[in-house]
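A short worksheet on the structure shown next.
We call the chains A, B, C and D, going by the order they appear; numbering starts again at 1 in every chain.
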Amino acid sequence: MVEQAPEASFELPVRVYIEDTDAGGIVFHAKYLHYMERARTEWVRSCGVSLRAGLADNISYVVQRLDIHYAVAAKLDDELLVTAEPVAFGRVWMDFRQRVLRAADRKLLSDSNVRVACVALDTGRPRRLPENMQDLLARNVQQPTETINRTSQE
Amino acid sequence: MVEQAPEASFELPVRVYIEDTDAGGIVFHAKYLHYMERARTEWVRSCGVSLRAGLADNISYVVQRLDIHYAVAAKLDDELLVTAEPVAFGRVWMDFRQRVLRAADRKLLSDSNVRVACVALDTGRPRRLPENMQDLLARNVQQPTETINRTSQE
Amino acid sequence: MVEQAPEASFELPVRVYIEDTDAGGIVFHAKYLHYMERARTEWVRSCGVSLRAGLADNISYVVQRLDIHYAVAAKLDDELLVTAEPVAFGRVWMDFRQRVLRAADRKLLSDSNVRVACVALDTGRPRRLPENMQDLLARNVQQPTETINRTSQE
Amino acid sequence: MVEQAPEASFELPVRVYIEDTDAGGIVFHAKYLHYMERARTEWVRSCGVSLRAGLADNISYVVQRLDIHYAVAAKLDDELLVTAEPVAFGRVWMDFRQRVLRAADRKLLSDSNVRVACVALDTGRPRRLPENMQDLLARNVQQPTETINRTSQE
């Protein structure tokens, strides 16, 4: 279960602060979702797309589902690496594989799949991914994957 | 420093969960600000005013300043009582005295003064408190306090 | 997707506060994990088991994995009901089905499976569930499920 | 009130993520306390002192009191600079002046005074600052300030 993770194309360094920990002496499990959101945001930003500009255009992104496996607990002062690898996308959604590693030894701390949907900020209804996001995904994912859409969870 | 607090007119019960604690084994200090915001919200709600309706009318509230003294640390599973006592208000702001007590023995855990300003949601600029909030404050604070308004506030 | 949820044996009321929301105008997705942890904690407490006493005995609980599907977004001021239904357990773990409903109409907002493992607080290593927790689970789950244990769990 | 801040000796860059914002479209006010804690932590780390090592030695730090004035709201995607300037210390405490600036134009977003006390992790009782922390403070603050110890804030 404890394993070293291979290099990912995008890895965001994240430091663990006291705010992230709980009375069990480890990072509170929900915090990994924060770290992963930061990594997705920075991946998008690194490609020149800004979330705030999106909000101004009535575009928002919501997590539609995720699964996460916690292997080893992160602790206070740890430096982490959080990956964000787009693995599939459709007209209104994109799927990411995201891992959290301990920077010092690249131990795998958590492994996750996250589906993010594009919605209209005002109504919350699904809407087509904006062009620049589609282009970004097309350059980073082998092929549009609407057809191989997972059927298990809707 | 450790003292028992007198009964306040409004006290919100709040339970401490693991999410609120940190690796020091106590409630993370910023969490008290969450508790106090919940108490202000519930005080307002108990008087029939809803924040969400406010947002729909382009009205938002922001904390403009606060001071807080932490006397005794709250811990996992503690049941707390959080007070929200309006003590002064002006055209665009209201001041609260807020204490956090441990329910079991009414020990004073923290004591705080909070100034909240009313702003327009879209621009963030100060705006007159809505009528229902002014009425609410007038019924709960001895007298309008614009004249003794600390001058540093805008 | 939007559906009404059946009555669950344990439902914790949770109010949505401004602290739970994000600039998208909805509850931040990681917050549902907080709500679910609170519901598990209160379910345990309702059965007479205290987490803090556990910590004093070097017993802690960690989330080992979870999946969650977000159906409808919770919003500011919403009153939610959060279920915690133990569905299986082994020597060192327990599985919960947890849903978040909107109290007003019992709309299903999220649906989740969560595996929680018992660990020693000091070492973080898995340890046998304490007797009182085993008894609690035995009374609430049809039968021990070690044999149908998913194999990936440790 | 809106002003440009002078260069501080220690400034931590902090990015605003969606997790930090609320339905009012701005950073939730309690989050500034998180940012300031991170800055104090990194200032200490930059001087070679680790918090985790402290916990292992039964040393913890708690915020004893703070005041903060919010001048301008931080928003999604903003890059901030968070200062941590030790201004006084005694046997068991240290005072920091901390400001949050918007990196783009060095606008002052918040200004704060924070008193942090050193406590024993197990009992929560005040204890003498460890030697390395005292040395660090002595090098960064003009003179020990026990004698001018707080009269201003109670």
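Just so we're on the same page, a contact is a pair of C-beta atoms (placed from the backbone, for glycine too) under 8 Å apart; a residue touches a chain by one contact, two chains touch by 3 or more.
Source: prediction; values computed, not measured.
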Reference subunit A; chain at largest CA-centroid distance: B
Centre-to-centre distance between subunit D and subunit A (centres being mean Cα positions), rounded to whole Å: 30
Computed distance of Cα centres, subunit B from subunit A, in Å: 35
Chain centre separation in whole Å, for subunit C relative to subunit A (CA means): 23
Contacts with two or more other chains, residues of subunit C listed in rising order: 18-19, 23-26, 30, 34, 37, 55, 75-76
Chain-level touch network, classified as line, ring, star, complete or other: complete
List of subunit C residues in touch with subunit A within their complex: 1, 23-26, 29-31, 33-34, 37, 55, 60-70, 73, 121, 124, 152, 154
Subunit C - residues contacting subunit D, complex: 18-19, 21-26, 28, 30, 75-76
Subunit B to subunit C touching residues, read off their complex: 15, 17-19, 34, 37-38, 41-42, 45, 50-52, 55, 75-77
